[in-house]
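Worksheet: one structure, shown below.
Chains: A, B, C, D and E, in written order; residue numbering restarts at 1 for each.
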C-alpha cells in the first residue's frame, strides 16, 4: 500500500509556477533521492511534503490522513544549515527532540532524568557522546549534521525529510555521513526523502531517484512553466544500472 | 634554479608553535598542492608565503629577492571566500586587478577604455562576459571563484596562492573549476600553491603534493609541537602512482 | 493551526495596521472630551478640531511682526541645523571610522578615547559648550555633533574592522596602497552602513537639537515648543510634535530608499 | 611597509592609548590656568586641583541640612530610576519584540505603529506625561521607557525575524507549539541581542533621565547638575559628569562581560 | 580695553521686553551710531544660561535680577555694574497654592525653580509667618517652562513662580495666591548689568544703552499701543495680557525715579538680606566664608559686605545723565 501519496501538485509563487503536475506514490520505508538543476523547485517540493507550505493545487497525504496544514511530529526534517539549536548543548538538543511537544517544552523531575539517559544512548549511537556538553558552534559541520539527524530521529517521525543535508561538508566527511545515514536507516526502516545536488550521492543512498526538471520550455520566458518529475529511477542494487527507469516519465516527446 | 626558497620556517602564535622546520624549494611554474589535517597550519603556511605574516624564524625568498614584508603585486591570492569586491561589478573587479596599483586606484580617460577592453577579453576567456555588469552577489559560488582567479591573474603575479578555492562549491561545479584552472595554468605557466582538503583534487591538479602533519606528538599536550612537511609526493603523470615520494621525508622513525 | 503560522489576508492586515492609530486617536479624543467638558478652557488636551484649526493657522498665517510664517521659518532653521550637524558628523565619522578601522596606530590612539567620550552625557556639558562655541548656530550644530559623532565613529570603525581580512589582503596583492584600500575597498563598503548609522542617530540628533534650541535660540522647532510650553499651548506643541514626527519619518524612509537604490550590490539576488 | 600593516608594539600601544587622555587633561589645565590668571575666582574652568578637592568634599561631607552625603543620595536616586526604566523597557521590549517577531497578526498590528512611535521626540511631550503620570518618580521612569522602548521593540523584533526559518520549522517538527517556540527557541536566542540592545540604549536612557531630572526633581545626578548650573559651579558639574561617565562605562563593560559569560554558545570556538 | 562692538543678552520677561523691541525697531542701532559704536542685543531662551554666558565673558551685559547678579557674576569674581535699574517686581512673583494659607504649607512640598528669586520669595513669605524652609516637606526644583503643567498635576500642592506663568496659573479656578512680590516691594529688582571694566573703558557703551532704553521707556509711558503690542507678541501673549503683567511691575519709566530708587536707603538692606539668603543656600560658593564675602557698592560710595572684594556696583551716573537729558 502506498504510504505517501502526492496527487497532482502545483505550486506557484505569485504568477510564477515553480512545480506543476507532480504525481507519485511512495511506499513505507522507501528512501527517495530527489535531484535536479539548481532552482528547479526541489526544496519547494520538500517544503510541500513538510506542510510548511500549502500547494496551490493538489494534495499530499501521508498514511491516508487528510493533508497536514503545518509541520508536525510526523515529519522530521534536516536542512543544510540551522537544523540544531545553537543555544542548547548537544545533549539538550537531543532531549529537545522529545520534550518540545510538552506544554513548557521541558521535562521535569524523573521524566527529565530518563530523557537524559535516553539522550546519552542516542549520542553514543551517533558517536557524539564525547561532546555531549558542548555547544553546536564548537562542533565541525559533519558533527552538527549528525546531531541534527539524531535530534530529528529522537522525535520518532514517520517520514524524514533531508534538504541537501551534506551540501556544506567536505568530501571525506560526506562519505562518513553516508555510512552513518545508511546504518541509521537500516535500524529504523524510516521513509526518507533526500534532496541532493550530487547525483552519485542520490543513487548511492536512494532506493528511487526522482529527477525534477522543466518538461516544457518557453524560449521567450524561461519562467513560464514549472518543473515536474521527469524521471523516476530505480536505484536499488547499489544504484547499478542507473538507467532502470521505474515508471513512465513525464518528459514530453517531440510530437 | 629554485624559484621559491622556504628556508627553515617556524611560526608560533603566542607560545603555541603551529609550524616548525619547514624547508622546501619550488621551481618556477610548478603547481604545488598542500594537504593536511584541519588546523595543522596549511593556511598559516600560505599566509607566510603571501608575506601577510612574518615567520617567527626562517625566511621565504622568491626569485632570490629579500623576504617580502607584506603582500604585494608579485603574489596573487584567492581565498575560499571574500576574494572579490562585492561593491564592484564583475567587469570592475577585473579592472581592479590592474588599476589598484595606481595612486587613486583608478584608471582615467583612454587608459580606462583600454583597461575595460582588456577586462572584457579576460571575462570572455573565463566565461563571465554575459554577467559583466552584474554584482558578485548575483553570481553562483563557482562563478565568483572564477572571477576571483581572473582578477588575481589580471594583476600578473609571479606566484598564485589558493586557499581551498573550491572548498565551498558543490561537486559538479568543482570539477568544471578544475578544468578551468588547468587551462589557465597551461596558458600562463604560473607558479601555483593550492591548499585543499580534498586529497584527490590535490593529486589531480598538483605537480607536487606537500603533506603537512605533526611529526612529533606529546600525548600530554597536543599543542606542544608544530606541523611540518612530512611527505613531498611527485604527482605528475596524473598523480599515478600516488606513492612516488620526491624527497626524503621528515617523519621521525621510531628509534 | 499554530498562531505563528496564521497570517492575516491583505485586507485584514491593512485593517490591523490602521487599528492602533485609530485607537490612539479615539483615546485622545475621549480624553480631550472629558477634560474639556470638565473645564472648557482646559489647554492640556485640546480637541482634535482645535489642533486642526491651530495647525491651519500656523501653516498659513504670517507673523505680524516679521511678516513671515513662523512655522516654515522654524522648520527651515531646525532642518538646517539638523542637516549640518548630521552631515558633518557623518563626514567626520566616516573619516575617523576609516582611520581607526584601517590603521593600527590610529586605532590604538583613538579607540579607547572615543569609547570613553561616547559615555559622556552631552546635555551635562551644555554650559561649557555654549562658552566655547558661543550661542549662535555653531553651538547647536556642535551639540548635535558631540551627541552623535562618538556613536558614528564607533559603529563605522567596527564595520571597517568587520571587512574580511581576506579582501584587504587581496587588494594588497593587487598593489593597492593604504590610501587606495581606504578609498576603493573600505569606503564604498562602508557607505550602506553609514546610511544605516545615520538613520539610527537621527533620533538622538533631534533630541539634541531640541535641547539646544530650548536653551538658546530665537527660532526653530524646539525653540517654539519650549516657548509656548510656558503657556501650555498644547495645540501648538502637538502640531509641532506631529510635524517633527512626520519629518523624522520621511527622513528615515528617504534614507532607506536611498540605501536600496544607491547600493544595488548589497542585495544578494542569488 | 603600508600604514595598515604597521602595528605599534605593546608598550607603544599603551602609550598611544593614554595619549589623547593626557592631551585632553593638559589642554584643560592650560585653559583653566589662562582663565584663572585673568580672574582668580573664575568658575567656568576650575583648576584640576579644585575639582579634586570638590570631589573629595562631595564624596565625604554630609549635607548640613539633611545630614546625608548628597553625592551618594543623588547617585542612588538616579540609578534606581535608570535601572527601573531600563529594566521595564527591556522586559516589555522582549515580550512585544517576541510577539511581533513570531506572530504575523501582532506584526501587522503593531510594527507600523511602533515605527511611527519611535519617531516622536519624547521631550516635546513632557507636559502630557506629567499630567498623566504625575511629577513623581513614575514620570521619570516613564520618560526613560518612552524614550527607549520603541527602539528596543524594533531592534528585538527584527532579531526574532532573523532567526532562520529552518530553526522554527525544525521546532515545529518536534511538536513545539507557538508558546514553546517562543520560550525555548526564540527567547534564549534573543537574550544576547537583548543585552546588546540594552547597551545601545543606555546612552539615550541617561539622556532622558538627566532631562527628566532637570525638569522636576529634588535629588538625582541630573537634578544636581542643573541646580548648581544656577551658580555656575563647574567644579561640581564636572565631578558629576566624570562620575556619570564612569558609571556608564562600568555598566557597559558589565553588560559586555555578562553577555560573554552568560551565553557561551554565542562564541564559535571551532 | 576700548572697543566699538558690544553684545548684550536678554531673556523673555515682562520688564525686559523693551530690549527685544530696541533691537527690532532699530532704536538701539540709532543710539549706537550716535556714539560711534555697535551694540548687538541677543535674546536667549534660557535665563540662567544668559547670565552664565555673561559671566564667562561671552557678553558685555545681561538682563538679570539683583539676586542672580550677586550670586553668579559677582560671586564668580566678575566685577559687575548695574547700568539700568529697570523695574522691581510688584506682584509679578507669587506663591500659589491649591488650598490653605501660608501656615498650611507646613509639611507640604513646594515646586519652584530652586535658588531663583522664587526661592527667595518663598523664604520671605515663610519669614512673614515665622516659618522656615525646613518646616516644609522640601522644595522640588521644577523648570519654569513646565510650571503650568506641573500645577495641573495632583502631586503639586504649591508653586512659587513668576509672570507670565502666574497669570496663567491663576486662570485655574483652584489656584489661590497667598503671597506675592508686592508684599516685599523693591526687593526683587530687574536690572541691566554690564561688566564694570568694559563700562569704565567705554563710557559710550553705557550712554548708548541708557539713551536707547529711556527712549523706549518714553514710548511705553505714553502708552504707545503699537510698541506694547509688539512686546506682547514677542513674549507670547496679547496686549491685554501684557498690560496685566505690566500692572504688577513697577517700571521706572522716568530715569529720575530709577535714580531715586537706587539711591534709596532700602537698597542696602535688601542686598544684605539677599546675600544672607544666598549664603544660607550655599550659592555663594564653598569658598565663601560668610554672607559678606562679596562686597556691594552703592551710588553714594557706601558698601555692604566685604569692602575689599567689591564685585557688584550700583551706579546711577548714566541714568542720571538720562534724567538730565545729557545723552
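Keep this in mind: a contact is a pair of C-beta atoms (placed from the backbone, for glycine too) under 8 Å apart; a residue touches a chain by one contact, two chains touch by 3 or more.
The shown structure was predicted, so the numbers you read here are calculated from the model rather than taken from an experiment.
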Those chains which touch chain D and also touch chain B: A, C
So which chain is farthest from chain A, going by the mean of the CA atoms in each chain? E
Two candidates, A-C and A-D; the one with more touching C-beta pairs is A-D
Whole-angstrom distance, CA centroid of chain D to CA centroid of chain E, is 38
Please tell me the distance, in whole Å, between the geometric centres of chain C and chain D computed from their C-alpha atoms. 18
Provide the C-alpha centroid distance between chain B and chain C, rounded to the nearest whole angstrom. 47
If you average the CA atoms of chain C and of chain E, how far apart do the two points sit, in angstrom? 38
Multi-chain contacts in chain C, i.e. residues touching at least two other chains, fall at 2, 44, 127, 131, 172, 177, 229, 232
Shared-contact residues (touching 2 or more other chains) in chain E: 52, 56, 145-146, 148-149, 152
Residue ranges of chain A touching at least 2 other chains are 70, 140
Among all the chains shown, which pairs meet the touch rule set out at the top? A-B, A-C, A-D, B-C, B-D, C-D, C-E, D-E
Chain A to chain B touching residues, read off their complex: 38, 140, 167-168, 170-172, 197-198, 200
Contact residues on chain C for chain E in the complex? 41, 44, 63-65, 126-127, 130-131, 134-135, 213-218, 223, 226-232
Flag every residue of chain A that touches chain C in the complex, lowest number first. 69-70
In the complex, the residues of chain B that touch chain C are 50, 52, 70-73, 75-77, 79, 81-89, 96-97, 100-106, 135-140, 148, 151-152, 155, 157
Give every residue of chain C touching chain B within the complex, in rising order. 164, 166-167, 169-177, 179-180, 183-185, 188-189, 263-270
